[in-house]
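Heads up, the next two complexes both have subunit A, just with different partners, subunit B and then subunit C.
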Partner chain A sequence: MKTSRPVAASLAVAGYIVMIVPILFVVATAFTGGRSLRFPPEGFSLRWFEAAFAYSPFVSALVSSLELALLATLLALAIGVPVTLAIHRGRLPGKGIVEGLFLSPLIVPELVVGLALYQQLIIGLRLDNFPVLLIGHTVLMLPYAVRVTGASLALADPSVEEAARGLGASPIRAFFSVTLPLLRPGIFSAGLLSFVTSFNNVPLSLLLQSREFRTLPVTMLDYVQQSYDPMVAATSTIILAGTVVVAVIAERTVGFARIFGGINR
Partner chain B sequence: MLSRRTGLLALPGLALLLVGFLIPSVAMLFAPPGVSPLDIFARLGSMLTDPYDLAIIGRTVGLGLIVTVVSIVLGFPIAYLLARSTSRWAGVLLALAIFPLLLSNVVRTFGWLVLLGSNGAVGQLLVGLGIVEKAPQLLYTELAIVLGLTQLFLPLAVISCYSAVAQVDPGLDDAARGLGAGRTRTFWGIVVPLSAPGMVVAATLVFAGSVTAYTTPYLLGGSSQRMLSTQLFSYSSVSIDWAAASATAIIMTVLVFAVSGLSAVVGRRGATS
Partner chain C sequence: MTTAAEFVGVTQRFGDFTAVDDIDLAIPTGQLTTLLGPSGCGKTTSLRMLAGYTQPTAGRIMIAGTDATRMPPEKRGLGMVFQSYALFPHMSVAENVGYGLKLRKVPTAERTRRVAEALDLVGLGHLAASRPKKLSGGQQQRVALARAIAITPTLLLLDEPLSNLDARLRVQMRAEIRRIQAETGLTVVLVTHDQDEALEMSDRMVLMRAGKIMQEGAPVDVFSAPANRFVAEFLGYENFLTAADSSLLTVRPEHLALGSAPAAGGLHLDGVVADVAYRGVDRLVTVETVDAQGTTVRLVADVRDDEVTARPGERVTVSASDSRLIRLAA
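The block that comes next holds the complex of A and B.
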C-alpha cells in the first residue's frame, strides 16, 4: 500500500508487530533442537512435536477439548436456533428483553460465571464436573447462536414461509424445507464461532475441571507454570495449524471477515 | 408462523439460562454457601479501603485504561488505512488482523514468554545493540501485561473501528480536501468525529476484556503483579474464601457494567447531537 500517511502507517505497522510477531516466535521455537526457549533456536528438529504427541496429558486433554467444544456447540445450536425463531417469528411478550437476556452471558465476566457454576452447582448441588462444564460452555455459546442466526433470519422474508403454509405445508415441513435452508449460513457461522470459542476457553474450564476431565488450554497453562521447555511451543504450533484450517474453511464458505469480524465486505 | 406456539420455542433456552447462568450468578454474588450477604458487604468494604486490595484494583483499572488507549491508537490507523485502501492486499491484511481472535489466548500469550523471557529475543536484542549491559527483567512486569493484553484485544479494536470508518462516505474526505483542507485536517475534522461511535464501542470492548482477562495476567504478571482476575481465582480455588471471591466478583462485574453503561450513554448522546 502507498504510504502517503507516514504517522498512521507507522502506528499500523507497530500494531501488526504486537499482534503477529509473538505468534511467529512461538512457531520458530517449536522447531528448535535445543532444550530451552532460548533465541535464536539451536538447530532444527521435530523432537518437541514428537514429545508433545507422546505426552499423554496433552493428548487426552486435546481429545477432551474437542469433545466438549463439539457437544457444547451442538447443544447451543439445538437450543439457540429455536430461541431465534421464537424471537423473530413468534408472538413473545417483551421480545427486546428476551433477546437481551440471551446475549447477557457475553457481558458478565467469564470468571464470574465460572465461579458461580463451581460454587452453586458443583459444591452446592454436588453435580459432576462434566455436566456443569457442558452447561457453562453451552450458556456461553448461546449468544452466538441467537445473534448470528438471528441476523440471517432477520434478512429472510417471512412471507416465503407463509406462502409455504398457504400451499398446505405443515409448520414443521415449512420450517425444514423453507426456513432452515435460509438459516444455513447463519447456523454454520454460529457453529464455527462457538466451536472455536469453546475450544479456547480458559476461565470456565479452569474453574470447572476435574482430575479426569481437563481441557488442553488449561493443561498447557499448568505445564508452563512448572517447566519451561519448547514442548508447549510445539503444541501451540499444532493448535495454530488447526486454527488456520478453521479460518480457511470459514473463508471458503461464508467469508472469514463476515463470521469473525461481523464485517460485510 | 407468527403464533403463540412459536414463542414457546424459547422455553428450553430460558430454562438453561436460568439454571446455568442467572440463578447461580445471583446466588454466588449475594449468598454463597455458609456466608451471609453481610459478610460479603463487610469484605467489600474492607477491600475498598485496604491499601493492598486497592493497589490491585488500581492496577487492574490502570492497566485496563493503558491497554484501551494503546489499542485505539494502534488499531484505528489500521482500520482507517484498510477501509480507505483500494489495494487487493487490504482484504488479506484485514483477515490477518482478525485471525488472532480465533487463536487460543494461551498460545498468543505464550509468545510473549518466548520473547520476553530471560534468554528471549527482546532482552538479547537490547544487549546486542548495546542499549543495556545485562538483559533486564521484562517478564512478570506491568509492561509485559500491557503488551500481552494489547495483543489480545487489538483485533477487537480494529474490527470495531473498521466498521465505523467504512461507514464514513469517502466522498466527504474528497469534499473536505476539495475545499482546501489538508490531509491531517480532513482526518481529524471528518474521519475521527464521524467514526467516534465505533471508537467508543472499541474502547468498551477492550477495557472490559482487559479488566477480566485471566490467562495473560496469570502468565505474564505472575504472583508479583496481581490483578482482580488472578485474585478471584486464588480466592475461589486456592484459599476458598467465598466472601472475598464474591466481593472480588462484584467489583469486577460492577466495573464492566459501569463501562458498558457509560458507553451506551455516550453513544446515545453522540447519535442525537
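The block that comes next holds the complex of A and C.
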C-alpha cells in the first residue's frame, strides 16, 4: 500500500487485524468436526451448523430477535424522522433541548434504562415483556434515527424544497416528492444502524426478556454459560453471513459512501 | 404601463434587524426589473417576500392586482431561479422541467411538448434524459431557468442567477436571459450585487441600501444622474468634490479634461499629477488638487487624446463643463 501517512496506515492495518482476526477464529472453529470450541479445528464438517438449525431455542430466538429489531427500527424511524424534520426545518422553540433529549439514550447506561422500564412498566403497570422490550429498543435507536437522518437533512439544500413549493407543490406534496427522496440514503442508513444495534443488544434484552420471548444474543449467552461446544461458533457465523449479505445489499443499492457520507462530511 | 406586482409599505424584520424598511415598489409588466445593492441591503429578502417564502412584518404584496401577502408560494404561480439552482437531484432534466406541469395535471402529451419547448428555449433539448449532477454549472442554471419558465409564470424571479458562473459564461448568460425575456415577454425580477449586470440587463433598476430604496429608474437615467453619493459610488463613480456652495459634486473620468483653455462656468482646478495608468486605448490620470472648500481631493481623468501630456509631478489644470457636473444629495 502506497501512502503518504505511514502512521495512520499502520494503525488502520492494526485495527483491521484486531477486529477481523478473532472473528476468523470463530468462523474457522464453526467448521470443526470435533466436539469442543478449540483452534485449530479438528477436520471439516457442517455438523454444528446442522445442530444450530435443529436447536429450537436458537431458531425461535433468532425469529424473536429479527421481529423485535424490525419492529423497533420501524418505530424509531416513524418517531425519529418527523422529529428530525421538526428540529432542522421547523420553527421549534428549544430545538437544542429536543435534540439533546433524543440523543440522550446514547449516554444513559442501558442497564439504567432497562431497570427503569422494568420497574415502571413491567412491575408498576404490569405490561407484557414484549411491548416493554419494544419500547426499550425503540428508545435506544432514536439517537441513530435523529442523528443520521439529521446529518443528511443538514446537507440537503433547503431551497430545493422551496423550489418545489414555488412550482406549485403543497408542503406535504413537496415533502413526499422532494425532501423524502433526498433523505432516503440517510433514512436507510439510520434503519440499518438501528437494526444492527437492536439485533446485537444484550443489556436491555437481558433485563426485559420473558420465558416466552428471548432474543438470540441472550440465548447464546445462556448457552455458552452451560456448554462450550462449537454450535455457538456456527450460530455466530450464520449471523455474520447474514450481516455480510445486508452490507452487500446496502452497498449495491445505496452505496456506503452515501450511507455513511452523511456522518463523515 | 401596467403593474405585474407591487410592494406597498412593506417591512420585514428578523428580530432586531430590519431587512426591508417600509418600501413601495411597482414591478412593471413585461419588463426586466433589477434589485441592485450590496449584501444585506434587503434585495433578496424582497424577492423572497414576493415569492412567498417569507411574509412581511408589515405592508402588502400585490401580484396581478390581488393581495398576495398571506398567499403560500404554491398558490402564486411564479417561477423562481435560485442562486444554488436547487434542481431535484433524483429526477432527470426533463422531470425537473416537467415537475410544475405534473402538479398542474397537464396531460402527458402536452407536458412532453412544453418540457421540450422550455428546454429548446435554453438550448438544452439534447440533455433531457440526463441527471442534473452530470451537468456543468452553466447547464444546471439553464435547467433551473427552463423549469421556472415551463409553468408560464406570471413573474420570473432570478436570485443572483449568474453569481456561481465563471466570468465569461456570466457575460454570455446576461444576453441569454435578455433574449429569453424578449422571446417570452415575461416580467422578470432579478436580484444582483453586480452593477454592470444591472446596467446591461435591466429595463428598470432599483438600487437598495439598508432595507431602503435609494433610487429607481431606467439604467441610463440612474447612471447619468445618481441621486446621492451611495448610488454614485455603487455605480463606480470615484471623483467627489465639494462645490463653492458646499453641495457635493461628482463627474465621470471621461468628462474631465486636462490643461484645456478655461471656458465660462464649469470646473477649473489646478493640481499635480499623482499617477498615470496607461491602458492602451486610454490613460487614467490621477490629479491631486484642492476643491472649493479647501479639502485635498484626488480626481481621475480618463484621457484618450495622445497629444495631452501628463507625467507624475507635473502641474496641470483639470476642467469639466458645467453640464457634466452631477450634483448629489449628501
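To be clear about the criterion, the second predicted complex is superposed on the first by the 236 of 265 C-alpha atoms of A that agree within 3 Å, B and C clash if a C-alpha of one lies under 4 Å from a C-alpha of the other, contacts with A are read in each partner's own complex, and residues count from 1 in each chain.
Assume contacts are C-beta pairs under 8 Å (C-beta built on N, C-alpha and C of every residue); 3 or more make two chains touch, one makes a residue touch a chain.
Quick caveat, the model's predicted, so the values are computed rather than measured.
In the model built by aligning both structures on subunit A, subunit B fits alongside subunit C without clashing. In the superposition on chain A, A:V63 contacts neither subunit B nor subunit C. In the superposition on chain A, A:S170 contacts subunit C only, with no contact to subunit B.
Using the contact criterion defined above for the overlaid structures, shared-chain residue A:V224 touches subunit B, although it does not reach subunit C. Shared-chain residue A:E162: touches subunit B and subunit C both. Once the two complexes are laid over each other on the shared chain, residue contacts for A:I249 go to neither subunit B nor subunit C.
Applying the stated contact rule after C-alpha superposition, one finds that A:L182 touches subunit C and leaves subunit B untouched. Contacts of A:F39 after superposition: subunit B is touched, whereas subunit C is not reached.
Look at A:Q120: by the touch rule set out above, it reaches subunit B but stays clear of subunit C.
Put simply, subunit B and subunit C get as close as 9 Å, counting only Cα atoms, in the superposed view.
Common to the subunit B-facing and subunit C-facing surfaces of subunit A are residues 162, 165, 171. Within the complex, the subunit A residues that touch subunit B are 1, 4-5, 7-9, 11-12, 14-16, 18-26, 29, 36-40, 79-80, 82-83, 85-87, 89-92, 98, 101-102, 104-105, 107-113, 115-121, 123-124, 135-136, 138-139, 142, 146, 158, 161-162, 165, 171, 174-175, 179, 196, 199-200, 202-203, 206-207, 217, 220-221, 224, 228, 232-233, 236, 239-240, 243-244, 246-247, 251, 256-257, 260-263, 265. Contact residues of subunit A toward subunit C in the complex are 157, 159-160, 162-171, 173, 177-178, 181-182.
On the side of subunit B, the complex with subunit A involves touching residues 1-10, 12-14, 16-17, 19-25, 27-29, 32-33, 73-75, 77-78, 80-81, 85, 87, 89-91, 93-108, 110-115, 117, 119-121, 124, 147, 150-151, 154-155, 158-159, 162-163, 166, 183, 187, 208, 212, 214-215, 218-219, 229, 232-233, 236-237, 242, 245, 249, 252-253, 256-257, 260. Remark: subunit C residues 51-53, 72-74, 76-80, 82-84, 86-90, 99-100, 103-104, 144, 147-148, 151 touch subunit A in the complex.
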